[in-house]
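Look for chain A in each of the two complexes below; its partner is chain B in the first and chain C in the second.
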Partner chain A sequence: MSIATANRLTPYLFLAPAAIVLVVALIYPIGYVIYASFLDWNPSQRIGEAAYVGLKNYMKLLGDAAFRESLWVTLKFAAVVVTAEMIIGVGLALLLDRNIRGMSLLRTLFILPMMVAPIVVGLMWRYMYHPTIGIFNRTLTSMGFEAVPWLSDSDWAFAAVVIADIWQWTPFIFILSLAALQSLPRSALEAARIDGASQWQTILYIKLPLMLPVLIVTMLLRLIDAFKVLEVILVMTNGGPGLATEILSLRINRTASEFRALGEAAAMSNILLLVLMGLTLAMFLYSKAMEARARALRAAPVGEE
Partner chain B sequence: MSFMQSIKAGLFLAAASATAVLASDAAFKPYAGTKLVVNFPAHPHYSAVRKVLPEFTKLTGIQVEVDQLEFLKMREKQTLELTKARGDYDLIAYVVFSKADYVFADQLENLARYFMNPKLADPAYDAEDLIDGYVQNIGVAGGRKGYLPGPTGSLFGVPFGAETSVLFYRTDVFEKHKLAPPKTYTEMLDLACKIPQMEPGMGGVAMRAASGHHAAHAFLLHLAPLGGRIFDDQWNPIVNNEKGIAAAQALKKIVECGVRGSQVFGPAEAAASFAQGNSAMFLDSTVYAAGFENPANSKVVGKVGWVKHPVGVRAGSQTGGFGIGIPKNAKSKEAAFLLLQWLTSKEADLKIALEGGNPSRYSTHKNPTLNAKFPFSAAFGEALKDADPDWRPIIPPWGKINADLGTTLSKVLTENADIKASLDGVAERTRAEMRAAGYYTWQK
Partner chain C sequence: MPEIRIESLRKAYGDHSIIEGLDLTMADGEFTVLVGPSGCGKSTTLRMIAGLETCSGGAILIDGRDVTRLEPKERDLAMVFQDYALYPHMNVAKNMSFALRLARYPSAEIERRVRDVAATLDLTPYLDRKPAELSGGQRQRVAMGRALVRDAGTFLFDEPLSNLDAKLRGSMRAELALMSRRIRKNMIYVTHDQVEAMTLGDRIVVMRHGKIMQAGSPEELYRRPANRFVAGFIGSPTMNFLKADLVGEEDRVAVVGQGFRFLLSPERSKSLHASLGRAVDLGVRPSAFEPSEGADALQLPVVLSEYLGAQSVIISELGGARIAIEVNASGPIPIGGTRGFKVAEESLYLFDSKTETSL
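== the complex of A and B ==
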């Protein structure tokens, strides 16, 4: 091998470990799931024994009312929890972005729900929602109100899992928003104050726009997570009553273990992956557009404004 | 039981085990030193088994290592284990609905060649003494409908840790209001709603009803005694006929007259409601009996009576629980058979029952020593005669049909969905599943 060839190959040699990791850790599993979604595969078979059925699994899913309901529950759940968590989380961060004594302790307390294992969160809420011995119904009845059918009515059950998720994950948004707030350039805030901007104006025109890139990433992370939440709902309602809280990841889990249809479960995972990729792409494009707009504004000569 | 009777029973046991040791020495010798790995569920019966297992090792010199898992996890692990060329397990306990999957995938040993082998099969085994409904339901495959016994069926496992459904009731509440424990469905449904009026705050019957598997299970518990089935003999879904509707109505009535939150009860919650004194009756498996007599978690100790699962147009209680079988990919199959045979022998069945396990033999249920220790075992022995091996279809597509039935019924219970329309939907989707699985290939 000539020295020139060796020189040309050197960069690839250095890239190789990263490429190998990427192929082994990312491309292979995803390829496997995509391949599996074209098979009629049950867990008693090795993958090589499973029959190839083409797009049959996907066609079956499109005609499956339970799957469509599950997809709808997932979209509704993700939209509701992420919106609520963003509003509460960012709101809390704006309120607590000041020098309060014991702030670090308070911050630690706030993020505690995030650290609790999901199974424990599920169990805890399930007992709090218990129809007779749960704290909520006991409090309500002791105050003379009607007890609420928390987990035994489809609308209440959906609300119940939403509340539990908001309780657990708002701190995530809170802590990231607070970090974003505290790293904002002080000069911009000072300039606004000198210009006589009110608190609301500072929040609306200075703080939120400057925080936006962080908020978008935070929201995306939460959205991806909300689409995949499993354990808490599994323990709290196991998808019931009816299919009221059967989000897609729960249905995938049941399809694989209860229905023993691995091919169909793989097809569902791929649909979920596509939905998530679509969302990520949309967010990415949006933040790119926002950046371009900001750059254009910055580049524009001051006189033209 | 009198003192003399206990001595006689004790002497009989001692003599029986002494002969067993002498006669079986030669059979066990070639396998002494073998180490078996077995896979059992986390279940009261199998916890009792573990206390008795050291006696097998002492008798045979065969070591046994137990891998105990929660039953659904156990099923998942077995599914993977059984596809390997050489498996890690020599003997597995399988949950009854796994029979179809394992036998269909040719993963369990046919036990005929072991029972034919004079060096392995114990002539004193007395298979007629095994509870018949369970042998049929858990052990035999390949006969009628594929999962039931019949001229073409053969044995792939032996029931071990079998349960059936009975009705538990509060003796004090029934005595107070001079009520007789229900024998028929009409009586049970009537009392289910009457008792909450007589005893404000108390529910009628506590039973499982949560969305999915539990609601389907509860429906099936009513379907068999009320004369219904999921399929007719040509695999046509008949779940939506008048008997199916009656079963769904029974479930709905029980839930409506139950304590608050009954719609989402799993079996554990339903049992807890009865144990805490909040429900007058409890319809579920015999396995809960011992728990109600344990003062640590029951407020109804000494106040619990049992009757057979009430009769509708026929007697038909559930057949559930576990069986044990030998995987095709096991390493030491013959030694595993010796363990299977010993565990389900008269001698071991009684020992395990005395440790709190569920007997698999009629003789054990009648045993006076056992009845002195657990007063319910004779009643349960009687109840087992009603156990219906066909109360639930054991076919590979059942998992999906079961889930659909369970979520649809949950909508009936929680959203007041129309029963007939809901069951029509189940029947239609079931037909599509069955067609896809090839069950109508031979239909004209």
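== the complex of A and C ==
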């Protein structure tokens, strides 16, 4: 082998371990799930024994009211939590982007919820929401208010899981926004002060527009995550009451383990995967568009001197 | 149009004092340059005038009004930053009009002002461009334009030319000088470059370690430096310093060092009698050496010669120190050998070695 060939092959050699892991851990399972979604397969069968049914699983899902409800709950959940988290997270970052004593400690405290295991978060909130011994209802009744059926009423249960998710994931947006804020050009902010911008005007006209690229990527990352939420809701409500909090991952889990319909569960997974791929693609296209725009602007013809 | 007065201004970070008791008055319509080596507190002073830094003590008065605790926007000033500080997401027109839009000027008025200023700065073709698509010099002009459209009472410049290459810096310096002559506003300009200070300033304030070393017109600073620091800072090439002693000779005073001896006139000797016997630093500007064939000429070796075209700079040795001599010569000066020079008495600057003040 010539040295030139060896040189050309070297990068692929270094890439190989990662590529192998990718194939084994990602491509193979995805292919497996896609294949499984065309089968009528129950857990007592080996995959080879399952009957091929074509698109029947997908057709069935389209007509399934419970699946549609679950999809709607998922969309609603993702939209509500991400909107709330963006507003609170960015707001907190704007408030805490300053040099005062103890700020680093405060920042660490703020991101603690993100570091707690989801199962623990679920359990913690389930106890806090407990109808009689939970801290919320105890506080409410001691203050003379009526107890709230946190997890037993469908509207309250949805609100309860939303609150728990906001508690856990706002820090994610907070730290990314804070990082974005702290990388803003200081002198541009000072120039805005000289130009007469108030705090609000600086936020509105300088800080937010400059943070926008980071915020959009953060939001898409959070959306992707919100669509896949499982553990916290599983522990808190297990999808109930009724189907009020049954997000897609729970539905998939139940279809596979409870209804023993692996093919159908695989089809659902693929639909969720499609939604997520759509979001990822949106993110990718967004960053491409930004780059292309920057390039086009740079290449714009120079005006007459 | 305002006069700016600074009274015993102080700035300290914790125990670390940056500026201690600065007093300065800048007359109406004056171009003041704060100059000094980095860390001398000139930028901090400017930022306190701007209101970007809080003051640890003292007061800043603009037109007799105490603005020490006011927000920048309440001080009626515009500022040009070292890194231009343009808003990256706004195009040139939006950058320049930001302050006017915040102040809710009528849009026709905003457009007119931006157009006028853009025309004077040759920015008209670039009004739709974002800062990232401009060259350094163009960005610099946008920053200048943003300050100009404001029509503020005072203009502050924080080393505005130091990010430009040498050639562009020269032409921007000339543009700035023309602009300041045209608009005649209060200008406060911070730089570490003494050439900028000399060419732009009506008045130069030389700072060091948070204190004013001397304030005056460029000529005053050049001709009558108050201390060794100012003498060494102003002028290019830098002044030569030689260790010497003041020795009494009959009723006159001589400056005596290793390899040289200058006898001073009776008038000058009179004022120096009190300093007799003291160690001094003798300062001689490179341009003060005149070629001389006389018997009393200093014979100086040509260690190195730098040919600059119209002039040459000879690096020589005197009194154990390396000195620079500027000579007008038609061609390069050969290295080696010695040449005779004399120095006129009024070109001899004497500084007390201990206190560094001018004698």
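Some notes on this structure:
By our rule, the second predicted complex is superposed on the first by the 255 of 305 C-alpha atoms of A that agree within 3 Å, B and C clash if a C-alpha of one lies under 4 Å from a C-alpha of the other, contacts with A are read in each partner's own complex, and residues count from 1 in each chain.
What we mean here is this: contacts are C-beta pairs under 8 Å (C-beta built on N, C-alpha and C of every residue); 3 or more make two chains touch, one makes a residue touch a chain.
Fair warning: this is a prediction, and the values are worked out from it, not measured in the lab.
Touch criterion not met for A:Q199: it reaches neither chain B nor chain C. Ranking chain B and chain C by residues of chain A touched puts B first. In the superposition on chain A, contact of A:S183 is made with neither chain B nor chain C.
In the superposition on chain A, A:A294 makes contact with chain C only, not with chain B. The touching residues of chain B, counted against chain A in their complex, run 72, 76, 79-80, 82-83, 101-102, 104-105, 107, 210-213, 259-264, 278, 396, 399-400, 402-404, 407-408, 410-411, 413-415, 417.
The touching residues of chain A, when paired with chain B in their complex, are 42-46, 66, 130-132, 147, 149, 151-154, 237-244, 246, 254, 257-261.
Within the complex formed with chain C, the chain A residues making contact are 185, 187-188, 190-197, 201, 205-206, 209-210, 294, 297-298, 300, 302-305. Listing the residues of chain C that touch chain A in their complex gives 50-52, 71-73, 77-79, 81-89, 98-99, 102-103, 122, 124-126, 129-130, 132-133, 146, 150.
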